[in-house]
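Shared between the two complexes below is chain A, which pairs with chain B and chain C, respectively.
Now for the complex of A and B:
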């Protein structure tokens, strides 16, 4: 039976419920597997014509660095970006730590509250105490340039997309792709085009940070009610006037959010870009890990979290304050505002003056320091000494009872069966278009010649998503039902989301060894916060009346969860599943650094070895394709239900 | 944009010069902008030299400018960088940018000016051909003194218990003897990742490795498992040694990690290397060659006239020297500068010889 015939089959079964269709499909797939396993499994050949051709292409690019496209495009773009970064970093250094802390404090004071001003200044002093001031300024310089360029490019595109449906339709799938694409995956082609250095690092950061700038700006513009726009037009405003006087001002707070989100996305690239010579905090962190100094990398991680906090507080609140229509909440009189501004300007000027002229205020004094390294290292050695028997047992059981059998099935199934099953699932769950996308993505992976590692990666991703969902749903539901749990879980989630994943990789390595299981653990830890949050939100949103009627009819707490809260929060659960898939997949390459092998390892190899460029680039593309495939299947599930829900209402 | 960067550099230098601050505020002004920003860069360097090494007569030296040193991701290399950078900064008044990069990526930095020098190159004949012979953007600066051994290593207690395995390479048909001896103990090395075969743990993908070809060529019942990074391999080795369990791993010397594990890893000799025995990249039966580690620099750096060029040409030390500094960095958690200072203070005769011909007149 061909993939097409298999995909066609469920159409007849569409009248059955979705669950039954999926069961039927799975039964057919199992039958076919029994008949055909071991055939057309596409084992990996590391020297295919495609890989060789890509290698030659790379060699040709490197040998032709004087060709016009380098001279007139890539090189100037890289040098220009690098020049900007050097310029900004130079100024950050010149102002001295007191100057920077004073400016940040003054911004907080003037645009937010005096408390925020003090908090950001203190946070920056803490960064200095952690002994990483210089590295932080290097990182901050890159962040400022990457974010500024993202906004300069992203906001106009966002405005355009907000005003034109056609542009929106073109831009949306591109943005989806940019966000599904694991960050590490595009370092391979970027290094080829731009080479290494802080320019390339900044460009990589932009690619990741620009989608929210575009998306949220478009959302803000679209959020302005049609009546308002019509009213303005009927009064004779031109398109430009409507934009400038109505749409942009009214979308201001959403655009402020775009700025904030762009900064947060950019910060999550700090460690990844250290792989292409970005320097800064990412490099400090990686170097500490190289010598297994978890405590040292934790300090650098804390500095990244503090920097994120400073930028978040300054921009998140600034976007709210600039929205003058916002009612209530600490509104300040004009006179007070003037006084605050005067105070802020004074503080900034005095701080800059000190920072530039006084050596103690310029270079952070090394006499004072703060470090979590020793207690963290002590904790890690204790874990290594006392928990390994448990964790290595857990790893062995999970590997031989779950990972191995699943991987065995996926790698011994004929490639057409896996693609056919995926496409058929997509058809049942998300419709014809999703099925086509899934099938094309699957065939493309096969064509790239990395089918086998892709199946190994798929094994880890499926396993990781299941664990992330189980933990996420359990914790999320619990947190939604108990305020105390919610209060405990929230800061842990915040920390897990901002702290670079690399920090907890070494302890994970000590506990589980360089294995696929470690890679899965890293991915699960990365995905759980988002899943938990979405589940908690969804369960919380279930109407109180529904729960009360269930409770009054004698349902136990467990019954309420199972029969009322989870089913009614279905949309959030599916959104959680979708996020879980995307986030687990985003960690595939990082997993390759700790024994995950498969596609992730091949990408790392492609970046490191000239002779493996071809296979590395193919593996990077395969990760993206796998992401598109899984995303389309799961996203479709959420969207379809949403449509149905709206129809039902 | 170049002009902007240069202008920024100039402004920044002027601001700091007027303020009398002691730091070097000049933006690193990417080597590309260095030409137009030359006065700025040199004055920055001079101001730093004057402040951080007041005892040296900076005036008699040619301006050093900025040196971009690639720092490949292993601690022995970091030790090279620590000492060289320390001397460049403190004795020659250079501005040193250390960039952590993998080996192959480092070479790519030569034509763009992002990398001026690699201090510890392990072979890489293909890259040498591309960048030294074909593109002529880099030159070999000669040996840096360290001798590298890459190969398969085992814990000492395991080696002691299996003399036949360790001596197999001396038999009449070494390839067959090594293969037979290894296959006989393959079951000792099975892991959750090796699918029932023995596990050969490989490390960071950027390192030179022939291990897949060796497993194929020797006909071993082993599977190459990639830990993915040095840190991951080291952790696995340490865990095995703590538990006194067998492990077969790709490893190399000089290696700072030896001091962490009390030199517990010993080299398992494969059939000896002969020229050309590694030409078939899919199947081979011979051990890795010994590596005479060398330095490589970009042509633009060599032609810059900086005294740093002479110093780096002269840089040469022993495996023991490197291990001492690497251990201070990795195990004793000293900063690069502190570890370098400790070694520099203890070995004045060694490093003063490196400064011959630079115009350095300190003591």
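Now for the complex of A and C:
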């Protein structure tokens, strides 16, 4: 109708009237809502035939563990992975805490700087003091196996994709899907195939950690100058020689980054995989969260952050200093290097010797401890007693003035109206294909029988995205205009982005208790760094000439921002919106754990209770579909740019 | 209308005719070479589509003709220059010779062997021993020291470390880079990096060296040094060279023969003086109009036959002398210059003819 007519017009006209067509659409939607609300709202029925069928499918799977596909594939894969994890964890335990700290310190000393060596060793001792050494080793063992396997699988595929356009074309959409899929969503189907256990947890971690390994490796290989590859070929190199002597060495620092990112991705799965039997720090944190022991979860959260820091420091800099071509890379003379290596090996050997033989160096002594649990719990109680007017004020205002009305509208609107409006928006912003995908995703959610929880989740996402965008655009613009602000914001962003997602739940829970609002707050904190960064880069990228010409014609600073910088950074803003939506959704569903209700809660229930399996699996699929739908609607920026680029050529 | 001032004299015309004859000896012979990029690569040649211009074809089929029906012969030991504007297909052409880019059609004969028919192994062998290439942006390996960059070609063909390092050190000396062996490429200036590229190409002791705009990325002064370096090396090692450039002055300076390329086709092949003195069409004429003729044309190009009244006590030059080099003697001597090839007097050049060549006009009869 309206939207179709608009789309039929030439693109220039469409672009001019984009804002107006969105307004028009919204007006039509409001009108239809007034006429039709309350009809076809699809309330939740927990006993639909689909759910029952899925439940019996699960029972059938469990009853058929001896079927060929289990015996020959799923079971060996799971048991093999689990065996590796047990083996590595066993060694980590054998080496003792002194041994581990010494090895980490020695690695830092030899490959990075002595300062890093000391820092990582101290960080590990702190982990011990927090009283979670054993849990940390379980987690570390899993990380080591998951990362090693991810790299063993991801780097060769990445190399292949870097060298072959055809492979790249096949792999890219798969990676895109893996990337926008909220991690929460594939746990349920995974459990169906692999059951609960640390093997399954490791496999779930790998699904999330492999994409950056592939993507960055391919990027690195593709980044090698075509001329250099040609030069090697022109001298008669074989394909293997080109790979080994040219492409891999020249892509080395990017592959190093791939390793680093893979580790970071794997770490961000520590808590979530506790749902499927990961054990370790994730389980400690999760158990504490479940009983609202904020202090206990805080200790585990700090340990996760410390572990992340250790692994990040060791790998981030290692990938840089190994690039020999940098001028000044030869600063450390050969003799010095030898001496460093000797010192490192000595430290490691002494540490291992102590850790294996001396009981005080083997098991972390429990007489020393440094738990934040009590002070944090005290602080929480204090907040509950004294700042409750502020926190619950905020919470109540947001809930009753914003979240509730929005949820009321979304859940009382006919499902076809919501889907139609979403598809029409996608059409205006991102084009015909996006609209079709959005519509199909919406219909599929309805067909899965989880329409109502999906609308509840959507409510939280929309609310979270609006706040994340407002804060992100404000801070990003400010940072782009002021070097000082940028210098302050950047390291904070860096730190926030390396932190595993669940850690964000802790302060939110401390402040707001287990509610829907808590999930939204955590999601907002989670999404803001990425949005801020994209906005800052976009605004910074606006040409100086454009700003100067606006200033020279007498614009105020505010006019420059509103009329020049933000419009010209439109693309980055849209990209920020897109990222914001994906991240907020990922975190909102995690919030199902702390009172967020909606789809996330259904997934948790599905993992915990056999009778809720069907609805849990449907909810997990709905999360993916909701992600696809939101991604398509907001994707406009990237897709348009592609079209434009092709037209220009 | 093509302007051919100064017009070639009768002797020059005879030599022009001679140059059209296929030479008996060729190092590389290219016949009917095509390269089409895009979906229609193998569906266009031999159909009416092949007659469309490049832009028409791109609109019609989405395919891009980079090289169109190119033929030429390169004589052993000469410098053969291909000159054309950016996008005219030069890089594609030179890469088709050793199949770094697989040609769509046509044949490349080298030493009696058709390169298009060579197996991958044979092709690698040819690249390892017979050809080498120098690139516009050098194509050096940033993670290797200069000496190991130069030794790279020897390494891929499996020579032992000591032998290849010795050879690489020799090559570095040859290009004037002694003492730089242990540095990394990014510690060298652009000109020095390209010398490394040159040394790398020389190290495998090839029969044919291919240059793809090797000096385009360099500053003018350094470019001049490097051109002289190539001329010097050509004299010292006597390799056959195929040299790509977009710079007419460079082409005329280095080339024994120059091919002018436009939109994938060769529009003229000739010695520098033929290109400048007798451009084949308006396109080439346009190109060469600002070239000072006396810097390119030879005495042989403008000489006339000896007349009985000519005093024969003037200075003697071979016919291949560039006019500019004879200016001083012409100015000092009232008698015409005698043109002597192999001890035989073949013609004379008088002062008015030299002045006309400098002025770029027809001499008065």
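The working rule: the second predicted complex is superposed on the first by the 535 of 649 C-alpha atoms of A that agree within 3 Å, B and C clash if a C-alpha of one lies under 4 Å from a C-alpha of the other, contacts with A are read in each partner's own complex, and residues count from 1 in each chain.
We adopt the following convention: a contact is a pair of C-beta atoms (placed from the backbone, for glycine too) under 8 Å apart; a residue touches a chain by one contact, two chains touch by 3 or more.
Keep in mind the model is a prediction, meaning the values are calculated, not measured.
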| item | value |
| --- | --- |
| Chain B versus chain C as contact partner of A:545, first or second or both or neither | neither |
| Which of chain B and chain C A:553 touches, first, second, both or neither | neither |
| First (chain B), second (chain C), both or neither touched by A:238 | second |
| Chain B versus chain C as contact partner of A:84, first or second or both or neither | first |
| Contacts of A:19 with chain B and chain C, given as first, second, both or neither | neither |
| Which superposed partner A:252 touches (first chain B, second chain C, both, neither) | second |
| Touching partner for A:290 - first (chain B), second (chain C), both, neither | first |
| Chain A: partner with more touched residues, chain B or chain C | B |
| Complex contact set, residues of chain A against chain C | 225, 227-228, 230-238, 241, 245-246, 249-250, 252, 323-325, 327 |
| For the chain A and chain B complex, residues of the former touching the latter | 46-47, 59, 62-63, 65, 75-76, 79-80, 82-84, 86-87, 89-91, 93-94, 96, 191, 195-197, 274-277, 279, 283, 286-287, 289-293, 296, 356-359, 362-363, 373, 384, 388, 395-396, 399-400, 404, 505-506, 509-510, 513-517, 592-597, 600-601, 604-605, 607-612 |
| Chain A-touching residues of chain B, taken from the complex the two chains share | 1-2, 4-5, 8-9, 12, 15-16, 19-23, 25-30, 32-33, 73-75, 78, 99-105, 108-109, 111-112, 114-115, 126-127, 130, 134-135, 191-193, 195, 201, 204-206, 212, 225-236, 239, 243, 256, 282, 329-331, 333 |
| Contact footprint of chain A on chain C as seen in their complex | 95, 98, 100, 124-129, 131-133, 135-143, 152-153, 155-157, 184-187, 197, 200, 204, 210 |
